Structure formats: structure tokens, C-alpha cells
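By written order: A, B, C and D. Residues from 1 in each chain.
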Amino acid sequence: MKIIVGKDETEMANIAAQHVLSYMYTDKRMNLSITGGTSPRKMYEILVPQVKDKPYFSNVHFYNFDEIPYRKEDREGVTISGLREAFFTPANIPEANIHKLDQYNYQTQDERLKQDGGLDMLILGIGADGHYCGNLPGTTKFGDGTCRVENDQRLKDRILPEFDNVVEDVPEYYVTMGPRSVMAAKNLVLIATGTKKAAIIHRILTGEVDENVPATLITLHPNLTIILDEDAAAEIRKHHVI
Amino acid sequence: MKIIVGKDETEMANIAAQHVLSYMYTDKRMNLSITGGTSPRKMYEILVPQVKDKPYFSNVHFYNFDEIPYRKEDREGVTISGLREAFFTPANIPEANIHKLDQYNYQTQDERLKQDGGLDMLILGIGADGHYCGNLPGTTKFGDGTCRVENDQRLKDRILPEFDNVVEDVPEYYVTMGPRSVMAAKNLVLIATGTKKAAIIHRILTGEVDENVPATLITLHPNLTIILDEDAAAEIRKHHVI
Amino acid sequence: MKIIVGKDETEMANIAAQHVLSYMYTDKRMNLSITGGTSPRKMYEILVPQVKDKPYFSNVHFYNFDEIPYRKEDREGVTISGLREAFFTPANIPEANIHKLDQYNYQTQDERLKQDGGLDMLILGIGADGHYCGNLPGTTKFGDGTCRVENDQRLKDRILPEFDNVVEDVPEYYVTMGPRSVMAAKNLVLIATGTKKAAIIHRILTGEVDENVPATLITLHPNLTIILDEDAAAEIRKHHVI
Amino acid sequence: MKIIVGKDETEMANIAAQHVLSYMYTDKRMNLSITGGTSPRKMYEILVPQVKDKPYFSNVHFYNFDEIPYRKEDREGVTISGLREAFFTPANIPEANIHKLDQYNYQTQDERLKQDGGLDMLILGIGADGHYCGNLPGTTKFGDGTCRVENDQRLKDRILPEFDNVVEDVPEYYVTMGPRSVMAAKNLVLIATGTKKAAIIHRILTGEVDENVPATLITLHPNLTIILDEDAAAEIRKHHVI
């Protein structure tokens, strides 16, 4: 495990972008699973001009690791839409290099990934509750592969903002790579910024591995890099973990 | 994960020996942690003549991953003694290439391994109860690194045969690489033979990840190879896991 | 570079077979280019029973690196025929895992290899004149990729025995992976046995890199393993190269 | 081989800096050999603020690959002095992570590198005459390891500017990693900018491998990345090499 602390969110985003690029500058196929949401926004802003229309990145394939479909299923889901907006579209990534996980194909995701040679890297954020991808406390078990999670009311309330608070759009379920699928990636990169993440970062690096704090598991991956800003690193600094 | 089934114990041992050798035929330092006990006896018999006095294996370093000291601490512990008898001594491995874990240095084991470049491969057996190394049900937690485990009466009874049933030799504790330390190895190889292992092999490959069945965790390692004979594979064959 | 010396031809063949196997025991696609001719016969004898009908080797793909077609082109060429007889047929390698190089497709061989992810390992013999694959002195240049070589009378005489001395079968040309293509493999393994190879082994390990001694180039590959028997190692032992 | 073309010198420098960083963001020891001279100046300017005082780069060790000593040997040589000025000093690289090659230790350089685990990456420039490191046409042979090269008058004239045109400082010899030593690195990165390099870039990528054009050899390395700006790529674009 390597822990890297940037001095602020911008430096963190820059380091994270370099990490992603470091997998792209190769001569063989690279399969990268990347995270949506707000935390990597700056990272994508840095990446876009460096990736856009570069023929030497044609070897790089992208995968989303979870998806929340619209209830009516009349358009692409929340995750892939966000990745398109933040990265794929402005960076002009060819459609052939985008491998969608969605409600229609999640049951074959793990097999397809294996056929494609496995994920070389998966970059993920972490929630204050210890969730990553769609692995929220109380949803998936450590042994689960890519699976479907039924939304109870708590989950529906939680994802409502992703649908601009339009209740009718909130679906009955979502799909996500489970802990087993995520651990199968060759390399994991965890990014976090801000004081709201300081406690959970400290928790996963010092406490027990517990299904109720899902990200505790990924600290057991043999090739994990954690990239933080100083705010997110505040608790581990205070307790001399680093 | 790759599952390899040899037709019998001898073929399994041969395949396991080839696996160990495949890490040794390199031009750089290789750190291998190898298992004692009875299951790998045949593997060591196959390895010894191929390894003995070969200058081209000077790059290979060996580590034991657990140790049960004698109560009086008047000699080396059970694990290293067994490895010496089965492998190090007949194969004439130089002392400088043997890195002992024992009751005196276990607290620095994880740091020393990191300094040495990490374990390239750790080969381990599995108990019918799902234990591996010294991680028995009820002893270590998934998050534990190399640690000391206190022997209650149940554990004392269990390890008594290792001391030729001499009660006075049974110690109050043993040391072991914990789940966190084992997961940090770059590659894991799990070997098992015999019908007595068929149920636990099926269990770890199909059921939940559970601290009470310690080896369920290692099925989440991204580079795991499982080598079985047909007897140990009986249940997973029956249930079409492979 | 790692140099391994077995005590005799049988031990050398065993070590070489283990090398090949070490690339096969993985969970991802492996592309191996293997050598025909007489020197690896024992190696294939050792490999066949270990490879035959093993489902866990379905990830392994085989490539020949040169081909001498029959003049009439009424059957498969000499190299692939020899590999079939010595290995593919007795080991029951599925046709889908055999990737033929021949006179019809040699111009796209390098591009196809790149599309397939490149060669993970290429194992080759060496001639007393320093040739390897079809790179004989005076035929290819260091910078050549896979190419066609025209047979002058000297070459025709030389390959005549490959055609059971039937002059009418000897073709006007052959095809071979050139030095550039061979160097592009991730790992090279060179095998040699017998006193007739002692001088050339010494030559390539000590003298200048020279297109007239083609194998001198491959000593510059960053991942080269040389496997010899004591006879082939006689000169380098005498001159304390090892 | 991967060829990357940045639109101008600045983009090229940025890409090159990212390449160097991609080797640094790891959790294990990394041995990097880096180039002095004027071409990588911008690259170092980009690297310095990202590397300075970062504890997470303590795993990275730096090596120079050639050295021109001052004739009086009263101070460090030209290469290491230039690297200190451009990178080591402003980036505050600890002295323990700087491994000097000089006139006193060049004979053991290759053995020391091997002991250190080999070079993970070597980044080099190229001269219009095809030289790289101290391998100028007519000096070293392809088979040479790290060696000493005697300066004839032509060479003395050539390196005079390195000594601010002070003739008395120009030495009788210099030392350099030879072609064999350079090829032994796990990865090579070649950088070039400007129209003056366009012809030689085209030459090494299309013509024969020739000791009189030293860099033709490194195009045979299995892990080579070439980073250019559009000016340096002009000839290969014109001839549709890329």
C-alpha cells in the first residue's frame, strides 16, 4: 500500500490524473475502471486536454463499475451519463473503447472482464460511511461479485439527488461491481478529499475489516494506492499512521 | 483465480513443485514463503533434487509464515524445524537465504518483508476448518498483520501432536502472519489433497467471506492459484463450480 | 540474463520444460513461440503428458517462428509439421490455440502478434554457426522483421535433409521471424546441448555483436534465459564466464 | 514500441515528465537512469515542484548513465553536475537516492546495477548523429557494457562547450553505459524535440541496425517508448511511419 498526500484538492487531482495516465502510456491494451461522482471532477478536468484526440491512447479501454438506471429506462443511467459528461465526451473517447455496465448486462460483467484480460486498474472514491462503488453498508457482502441491489426507501432517498430530486425517476434497484469483483482488479487507487473523509480514511487504515464498513476490505488488496489531500489525511496524520 | 486439478496426490505435488520452481527461474531476487506440515511433503521430495546445490537459485529467499515455539525455547520452533527437515537441509539452502519468523522477531516481520521487497509468492495449505497459516477460526481477524496468538486449551490440544505429544513442550502462544500480511503477497498458491478437504474447498469458493472460515478471505486475492487433486476437487466438481 | 546449466541433456530438457510450463500456469492469455528441430525433442516428451487434455492450459496459445514450405505447397510446411508431430498432436492442443506462420501470412505476422498482445515467451535453439530461427548468417539483418528469405544453393543443400533428401520438395524460399520480431518478445529462452554448441555459446557471450553471428544480438535482450547442458557450457566454464 | 507525439516542446516535456512520474508512483524500489543535457530541461522544470520534498518518492533511486570528468578531477563531472543543477538540488533528492557513475567506479557499474535490482527505466536523448548516452559513432560497439572511451581530438572539440570552452578542463576520456548495459534496462524512453532530430528519428525507425548509428540498436528493445514533438516527428509523418 502506498499513501500519497497532496497539499490540497488541486494537487490531489493532479496526482490522481497522473496515476490514471501512468496506466495509459503503454503499448498494450489497458482496461481501466473509473469513478463518477463529484470527487474526481477536477481529475477529469486535468485529464481531458491530455487525452482528447490522442491516437496513442487507442489502447485504453474504460469501464464503469456501477450504474443507477432511470426508472423508465428511457435513457442511459446516472453513472455512465456522468462519466460521459465529465470525461468521455469532452475527451472524445471512441465508443468502441467505452464498455458500459448496466442493468441489462451486469450478470455477465465479471465474465466479460475476465475475457477482456481483467481490469488493470480501478480508481474509486469512498463515502463517509465507508462505501465504494455501489457497495453501501448493508447492501453487498464481501463475497459478492457484480450484482443487483434492491433499493429500500433509505437508498431511494439517498440517490434522489442524482435524479435532480425527481422521485419518479428513482429506480427500484441499481447494479454494482461487488467486493469480489473489485478485489480482482490488478491495481486499486482510492481517492479522497476534504475533512468529511478524514474519519473514514483513519477508520479503514486502522480498525477491523468489517462488512458494515465496506472499504475496510480493499485495504487488503496487495496493490492499493491511496491519494488524499491534507484535509482527508488529517486524522491519520494526527494518529501518526503516516 | 486459476484452479488446477491434478489426477492424484502425486500429480498435484508435481504441479505444485513446478509452481514453486516457476518463481525461482528468474534473474532477480525472489521472496517465497512456503508451508510446512504434511501436505507438501511430496512437493518437497520433488523439489529437493532439482534445487540442491544449484547456483542459479541463489536469487531465491525463503520465509516461514508461522512458528510454534517450544515452551522452553531451547531449540528452533516446530515450523522452521519441519521446513529444515523436509526441504532446507536436504536441498542445501544457504542459511543466508532462509529468513526465519519466530517469537523474537514477529513484530517486525511485516516491515522486514516490505524492506526485502515483499513476498513474491506464498504457498499455503488449508485445514478442514478453513484455517491457513496460523489463522485458525477464532484466533485472528481479517485485519490482523503478523501477530501472536495465545493458546487456549483447545489450541494446546490441537498442536500437541506437533510436539510428539509431550505436553511440557506445548507453548502458551504461537506467532503467525495474519490475513493482512498474507494478502499483501504478490501471488498466493493454495494446495489441498484428499477427500477431507473437498468440503472446505467447496465452501471457500461458493459461500460468504467469513472470519470464522479464515480461508474465505484469500479467495479475494487478485492472483490466487488453487492446486488440488481430484479428491479435494470432488465437491466443486459435483456442484459444477469447475 | 540468467544462465542455467543442467548436468546432462535430460536435466536440461527437464529444466526447459519447466520453463515453458512456468509461462502456462497463469490465469491470462499466454502467447508462446516454440522451436522445432531435434534439440527440443526431449523437452516435448516431458511436456506432452503434463499438457495433454489439461483444461487449465486453455489460456495458452502457440506460434511457430519460421516455416519452410514444400515446393509444391501441397501440404503444411516443415516446421509446423514437426511441431505437430512432436507436441501439438500428442498433447492434443486445440487447433484454435495454434497460430501458424507460413508463406501466405508472414507479411502480417508482426502485426498479428501485436494484436494478440505480443509474445510472452519465445524459446529457441542455436546453430553452431550462430543462427536461430531462420536467421542464418548472410540472410537477415538485425533490423528485419518477419520476412521471406530466398534460398540460394547453399541454403537448399542445407535444408535438404528436412525434406528427406527429396530435391524436388526443396522450396525457393522460406519465411522467418527476423531479429527485430524476435527481440520484441517479452522473454527469450535459448536452449543448447552438446559439445558441438560449446564454441558458439562462448562466442555469443563474450565476443562482439555481429550480424554474421546472428545470435550475438539476442544476448542484448533484457529478459534472456540460457539453458545448457554441461557439454554446451564447456567453453564458458573453461573461460570462467560462469 | 510506442511512439507518442506531443504538439510542441512543452507538451512533449509534459508527457515525458509524466512518464518519469509513472515509474515513481509505486510502492517498491525504482531505479531510474535519467539524462542530462539541454533537451530534458523543461521536463525537469515540470518535475521539480512535483517531486520536491515528497516523502512518497523515497522509493526512487536515480542513476546517471555517463560522465565526463574534469581533467584535474578536482570536482564532480559534467553529467552529475548538470543533473544536480537541473533536478537533484532543486528537487531536494536525498544524497542516498543518488547513485553516481564516475571515472572511479565505472568498471563495477553493471554489477552494482544488477545488485540493486536492475534499472527499471532509462530515459535518454538522441543526437543528430544517432548517439545516445556516451555512445557516439565510432566509440563503443553494440556488445560493450559500461566502459571508458578515450577522447581523440574530434571528441575533445565536441565536448569543449560542456567545459565552457576551457580547453584545460577537457579530459582524455569519459565513461558511459555501453549499448549492452542500456539494453539491460527493463524500459527505455527516448525523447527528442526539434527539426534537427527529424532525420535521425526517421533513420532509426526505418533503416538498418548499424553500429555507426548507435541508436538504431535501441529500437530493438522490447519495451521502448519514443516521445517526440511534431518537429522531431516531421520525417516519420511525411513517410507515414506513424
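Simple rule for what comes next: contacts are C-beta pairs under 8 Å (C-beta built on N, C-alpha and C of every residue); 3 or more make two chains touch, one makes a residue touch a chain.
Chain-to-protein mapping (UniProt): A, B, C, D = 6-phosphogluconolactonase/Glucosamine-6-phosphate isomerase/deaminase.
Remember, it's a predicted structure, so these values are computed and weren't measured experimentally.
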Original post:
Looking at the contacts, which chains touch chain A and chain B alike?
Top reply: C, D
**OP:** Weigh B-C against A-C on C-beta contact pairs and write down the one with more.
**Re:** B-C
Original post:
How many angstrom lie between the CA centroids of chain A and chain C, rounded to a whole number?
Top reply: 45
Subject >> Centroid spacing, where centroids are CA-atom means, of chain C and chain D in whole angstrom >> reply: 34
Original post:
In whole angstrom, what separates the CA-based centres of chain B and chain C?
Top reply: 38
Subject >> Residues of chain A whose C-beta touches two or more other chains >> reply: 1, 223
Original post:
Okay, in this complex, where on chain B does chain D touch?
Top reply: 28-29, 117-118
Subject >> chain C residues within the chain D interface of the complex >> reply: 141-143, 179-180, 183-186, 207-209, 216-217, 219-223
**OP:** Would you mind writing out the residues of chain C in touch with chain B in their complex?
**Re:** 1-5, 14-15, 18-19, 21-22, 25-27, 50, 56, 223, 225
